[in-house]
Amino acid sequence: MSALLSLSHVTKVYRQGGMLGRRLITAVKDVSFELGEEPEILSIVGESGSGKSTIAAMILGQTEPTEGELQFSGRTVAIHSRAERRAFMKEVQPVLQNPFEAFNPLKRVDRYLFETARNFSFSGKRPDREQAERMADAALVHVGLTLEEVKGRFPHELSGGQLQRVAIARALIPQPRLLVADEPVSMVDASLRMAIVNLFGRLKNELGLSIVYITHDLATAYYISDNIIIMRKGEIVERGQARTVLDNPQHPYSRALKDAVLAADFSPAT
Amino acid sequence: MFTIVRDLARQNMEFLCGLLLFAVIVGLIVVSYFSPYGATDIYLLPPDMPPDGEYWLGTTSRGQDVFWQLTTALRNTLFFGIGVAFISRIISLVVGLVAGYAGGAVDRVLMAINDSVMVIPQFPLLILFYFVLKDSMTWTALIVIMASLGWSYDARLIRSVAISLKTRSFTTQSVYSGMSMRKILVEEHLPYVLPIVFATTMNNMIWSIGMEITLSVLGFTDIETPTMGMMIYWANAHSALISGIWWWVAAPVAVIVVLFLALFLLSMSMNEYNDPRSRLNRMGS
Amino acid sequence: DDYTSLPRKETLIVENPEGTIKNPGWFNIWVNGGGGVSTGLQQLTMDTLWYIDPEQGLGGATWDNSLAADKPQYNADFTEMTVKLRKGLFWSDGVEFTADDVVYTVKTQMDHPGMVWSAAFSVQVASVEATDPSTVVFKLKKPNSRFHAIFTVRWNGAWIMPKHVFEKVEDPLRYDFANPVSLGAYKLKSFDPQGKWYTWEKRDDWQRTSLARFGEPAPKYVTYTDPGPPDKRTIAQLEHNLDIIHDNTPEGMFTLKEKSKSIETWFPGFPFAHPDPTLPAVIFNTQDPPFDNADVRWALALLIDIKAVDMASYRGAATLSALGVPPTAATMKDYQAPMQDWLKNFEIDTGKSKIKPYDPTVGQQIADILRKQPKFKDQIPTDPQAISGAFGYGWWKPDPKAAGELLEKAGFKKSGGKWLTPDGQPFKIRMTVEGDTRSVFTRAGTLIAQQWAAFGIDAKAVPAAKLWQVALQPGDFQVAIAWSVETWGGDPDLSFFLDSWHSQFVAKKGDNQPPRNWQRWSNPELDKIIESIRGISADDPKGVELGKDYLKLVAREMPTIPLMSYNVFTSMDTTYWTGYPTISDPYTDPVPNWANSRLMMVKLKPAQPK
Amino acid sequence: MDPLVEIENLKAYYRAFLYGVDREVRAVDDISLTIARGEVYGVAGESSSGKTTLIKTIAGAIRPPLRVVSGKVTFHFDGGTQDIYAMKPEERLALRWRHLSYIMQGSMNVLNPVRRIRHSFTDFAFRHMKVGKSEFFERVATHLQRLKLDPHLLDAYPHELSGGMRQRMTIALATILTPEFIIADEPTTALDVIVQRDVLSMIREIQREMGSSFLFVTHDMGVHATVSDRIGIVYAGRLVEEAPTAKLFNMPLHPYTQHLVGSLPRIGDATARPSLEGRPPNLAMPPEGCRFHPRCPKRMEICSRKVPPLVTVEPQRRVACFAVTGDQV
Amino acid sequence: MTSYLLFVLKRFGQFLLVVFLGVTITFFVTHLTPIDPVEESIGAITQMGQSDPNAIELMRQSLRELYGMEGSIWQQYLHFWLRLATGDLGPSLSAFPTPVSTIILRSLPWTIGLMTMSTLITFVLGNAIGALAGYYRKNMVMKAVSLVFIALLPIPYYILAFVLLIVFGYLWPVLPINGGYEMNANLDLSFALVLDILKHSILPAFSLILVGTGSWLIGMRALVSNIITEDYVVFAELGGVPKRKILRSYISRNAMVPQFTGLAMSLGAIFNGTVITEIVFGYPGIGNLLIEAVHAGDYSLVLGLSALSIVGVAAAVFIIDILSPLIDPRIKVE
């Protein structure tokens, strides 16, 4: 079966310290999972330091696994030539954690939209300014913004929610098939958080985008994702359909995790 | 732009003083082009005249008007300092940004070169260059040589910032926007290191101008081009300090001090303006 | 206190112009080992056969038989020289000085290439032997009427080595001669391990040295020190911490004269300084066109306004010379004065006209200019004789018209205010000057370049920190300010420098030129003069006539443009010592790094009672 | 009710009139509230609605360009009355930490990175304790243990601790002197859910024991539900609703609060949650009238004209919405 | 700990590489000099009164042999390293046959003494004033003091030193102006000697301090004005930590981290000497030695001195790199 993304027995060992007296840290240990051709949202949750970001980095090709193989569309994710890299980035795009950090405060935000448009055109030709603007605008419309609202603005002139949406719009311009979002909503308030999560759902349905959604927030994971992976100390402790797993977690850690979630309903304090 | 300058001048004493002092320097440079005397001509005027109505800053023992000498010397020295600073900034930026961003082997190679340049003693090297190049040791050549000696420390500084910029998420964002390394360095990282660049520029100018003066005092530079160093050289060759011709020495020293105070005050207030945190601090005052 | 225990009243403090000594513990003067030479070492502890004083000398003659009892005796064809030595002279360690020391000196150096006089001996000496304890016979490889010059001190000479010390040494080239054994009236007391000062103490047995003939040296101690740059020397002397300044800037000298009541100088008034027997000149590289053409050289000479150059360099405190010898007292008498008439009638042909370029009144004019400056009014002599002695007789008149004609004669053209060489290129002159080292020359060169530039020549002065090594020696220059003429000073014999001007020594273009013919000029007529001088003995009166022939030749050919004396601004403080040499008692050169300055020791008198 | 802190008509603006910039950000615009002794008061609201500014102003931690334009902040420490903006700087300094401690936003990064944590305790608290060094550290150790922190960590540098540990350290530092009033700005952001739960219950425990009052801000409504006695909702520089926790969650009155509470996803409930339309108001140019009206599903004509006053609708419960209170003054 | 050791080893490798490259560059540059030590020696010898061109040619040959200048530059280069490996810098060419090391060791203690003292004083003074000026930004006294030092900074050092010399050595002659100790001093170790040496170092050190303080001050002031907006400083202020404590332990302490790098570099650069100080005050040291060696074409000595300075600076960089994880606990050993 062809999968969009597949990880088979992926292990990542980080070296800390010098060349010989190194301390080895197994950030990810023998992790395998697949994303099918069908668009889906896969949530990865777990304690901090459990290797979630490392998985994201490997999917994005920023770092190579120590063992095991990652394949995207049947091809190994490995960085070789610039052209290969570019082709890969056209298909897989990241959404970063902190919208305020993701834009250079000294530069206008539209710059990233235009750059992306110019560097990843579909026709192979470098689009001119007007085409680039059209592509940017189209992407912004998907996230509920317009180019007009964004053009010429500096990051500090936009709200966090707007910025995060611009960042997502930018990632949509190459018309990728996979978004990798590492804690994309941890820095925004409760209502914005919902706006972005809802947006993910819409993108999946309307554009057929698959999304790897890494989060601490079990509630949004439950709310939006199709499948879920629960990690601890580099290993997957539980996986399955998001709702099935969270409604009835099996692994003790999953249960502890679920129990620790502070429900946003009023229950008289103990 | 105008309102920024106006507000800076109104609110910021340092900026105002710096601006005024800088205006004096610019004024001197502008009038240097209208000098009634050839810059290298000597014995045109009665020597050793103290400052008075006719010769504002007196005359030298070589029969030159100190004021007009000074304007040309200032111009040449400043262009020299700026030239050195400009070229060495470019080198240190390229090395620092590339080493910091690329990391790995590139970083190690660049830093080995960088450190090697840093450890080589500059002074004997400069003198050797004089001996080797002789007549071809023009001002341009000196600028290039000084520039190629004066970048390494700052390159290290820039590299340390570049390393942290590399881990900022906007860099990742740029990479995934398909920007090339050159573009990321020039358009994303460069603006961040500019404040450091400005700050080091002044040190670099003090260093290069001081070096020029030292070389002049030791008799190594082109004696026909009037510079601050040359003025001091000639004053020294005529025992000006001990003979009571103090104005010959005091005038260039005063101008150098004014120049750097102006640069310092301006850079200080500009940095404050540039850094939103300190800018806002001042607003409330 | 015994921390700095020398009694000031018994100590003479002298500047050593060598500055700080790099290898202070090195006293082996026969090896160039980075030690000082004029730290007192050569002035106070060394001795050799003969001295010629650059001024009048003590004992009635400039010639002095020092270790030798008599003048050198040559055989008829100048292939053998016999020396009779004085008896009763002792080294400071009590060993007697004998002919063996002389023989040892020569042989040891010949055996050790790399020692200072080794090559000079090897080239000339076939054999040397002591026929008895006070007679040495030299057999020469080829005739030389002036072989004795190597043992004759002008500034210095081949010093005699203590055989009994060196023969115990394994390798004289590597021996530092610490605690130097002295043949002079002083011996080492202490020195600064950092090379800033050397102090010498009068020997108890000073009577057993050659200097004793002139009396007892007065200072018990003599310290040679590096007082630092000129301004610091001035300060030190104003505070009476430095008895003799070797040299100063003109301005430093004026300041001293103005501020100190106790300063004595060679000339009591202008120009104060002592004229060294060297001749600063504009030196052309005559192997380089267009400077191979005498017309061009003359044209450039006629563009110089010497009064302005004099004021710029020495501020008037110079002694001019139009002739190719330094204007010292002796040459003034022997050459400058007698040749005035010839100079006045001397003509050159510009191609269009004949002119008489000499202006005999320049010295007078400079005196007049200086007299107008209130500061110096009283210090300018009025007697014409004294004026000539102080400022020189005359010099060439600036004559731009004649200069232009000469240039045209040489094929130059003027176009748009600029002179073009015969091949149509702009006439560009780079005048190499010495920079900081001798800043008065730099000042002179800068002004001369400016005067040429004013005439439409692209002329500019460029400094070279090591003028001799990087420009003169390799011939890598067009025009330079330096000197290629250097005389005995106290003797009219010109062979001291002239011999090396023989065409046999002129290097090919690109090769290193041996001293002193830096202009690389050769002329058959000159060769004849030199050869004639070689054929006569040094004290032959015909030597002066040959010298005049040389002067006339170089006046016509102008291979260098002689400017003025190399004035050394020596100043002497009379707070502790009096009896310094001056123009009124010119018993020796006051410049204290000359070995002859040992004569001062016997003439000085303490100014204050003990 | 025994008030510990009274805030009256507080206005705090960021003012920038320089360098070609001409802007006034009304981050706190006419807020009044009272916090009782022993009460935990939670503040929630949108990003950049002025929550941090509000509690900075209460803590007296203002620096240019922030300025208190009008209003009063009064404390009743030790039974007295202290008007923080009328005091001399020395007196204000004397209140700090002894009576009032403040955990800033980003509390995992407020410890001096190049000094051992031990020194921070000495600097902040030693003066006030009036005990010897060894006893002081004994007390510190005991206190740390309550927060499940190993006393050995005192000898660590901040960067050697995880974000959660650092936040707990800061909390320990803020509570060691048992001040009467503790202010905290998003104190648990760096903690994962399991650790967060532990920390919160400890804070609550300590606060009860000491009888301190606690004012804190967080985005996490779950935290509010667990810890706060009362909650104030801030929107665009204004307090729009204030209610005891149970009432706020069970029956929010203000449309913004309703949206906030209603949009929260819950595990076990997969129904779609709407997101709020429009975008947060620009505090430099806030909308006329009710600041929420451009995004309000229940907006009325008057809302764009008039500022709804904060009206006490029942004891301990205030709301500023014409739709709730009607068009009364 | 082993990882730290390994880091140190790796850095040490880099240190060796840098020294190797630096010395190599210097070797070839110094050998480019047109000044031939043999010709220099001949110049010195002919000054002693002989100029027979035949003799000079002979002299040239024998000196060339004596100084070991035969062979191609590559052979000499190889030879240089072989000798250096045994710790031998070879004989000086302008003070033949005295070993380069003897000459250097004679001057080195003076340079080290003077420069270490003045660098440390300058460092402390500049940073203290800079910290105060950065913290109390509106204080007029601090403003004035720092402006004075900043104004001194660009004054050509030669002039400043000379003015000091004239003022304290001539107009108001209270301090010695020449050398490292009195002329004719008794150099046996005594209290009087130590006192005298200290007295002689006052003016040179003072001049270095006057020009040097400004740059530390500027750097410190800038660092401090950045640091005072850091959260941990604000937090300490809010925590009622006394101002003096904040200035000392929160602001200065943290700003010192980069300043220490600068200090190490300056201490490393001590081996460059201070030519002008040595010229103006006649102070013993290696700066002047270096200039003279360059002038004399004594590349043995130039190389010896340069190697010293290269090792000095490289060692400073190395030491600071291996110490920085200890000074600044945040720096991770990669």
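Letters are used for the chains, namely A, B, C, D and E, taken in the order the chains are written, and counting of residues starts over at 1 for each.
Please note the rule applied: contacts are C-beta pairs under 8 Å (C-beta built on N, C-alpha and C of every residue); 3 or more make two chains touch, one makes a residue touch a chain.
Computed from a prediction, not measured in an experiment: that's the story for all the values here.
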item: Least step count from subunit D to subunit E, where 1 means the two chains touch; value: 1
item: Pair of chains with maximal C-beta contact number; value: C-E
item: Whole-Å gap separating subunit B and subunit C, where each centre is the average of the chain's CA atoms; value: 45
item: Whole-Å separation of chain centres (CA-atom averages), subunit C against subunit D; value: 92
item: Cα-centroid distance, subunit A relative to subunit E, in whole angstrom; value: 54
item: Averaged-CA centre spacing for the pair subunit E and subunit B, given as whole angstrom; value: 22
item: Subunit C: positions in contact with at least two other chains; value: 231, 235, 465-466, 470
item: Contacts with 2+ other chains: residues of subunit E; value: 34-35, 162, 166, 295
item: In subunit B, residues with contacts to at least two other chains; value: 127, 131, 134, 217-218, 236, 241-242, 281, 285
item: Complex contact set, residues of subunit E against subunit B; value: 14, 17-19, 21-22, 25-26, 29-30, 32-35, 138, 147, 150-151, 153-159, 162-163, 166, 215, 218, 222, 225-226, 229, 265, 271-272, 275-276, 287, 290-291, 293-295, 302, 305-306, 309-310, 313-314, 317
item: Residue numbers on subunit B that touch subunit A, as the complex places them; value: 168-170, 172-174, 176-179, 183, 187-188, 191-192
item: Subunit E-touching residues of subunit B, taken from the complex the two chains share; value: 108, 111-113, 115-116, 118-125, 127-128, 131-132, 134, 153, 199, 203, 206, 209-210, 213-214, 217-218, 228-229, 232, 236, 241-242, 249, 253, 256-257, 259-261, 264, 271-272, 275, 277-278, 281, 285
item: Contact footprint of subunit E on subunit C as seen in their complex; value: 1-6, 13, 20, 22-24, 26, 31-35, 37, 113-114, 116-120, 122-124, 149-150, 153-158, 173-174, 176, 190, 192-197, 199, 223, 225-229, 231-232, 235-236, 238-239, 465-466, 468-470, 473-474, 497, 500, 504-505, 512, 514-516
item: Interfacial residue positions of subunit E with respect to subunit C in the complex; value: 34-36, 39-41, 43-59, 61-63, 65-66, 92, 94-98, 103, 106-107, 110, 162, 165-166, 169-170, 173, 177-180, 182-187, 190, 192-193, 196, 279-282, 284, 288-289, 292, 295, 297
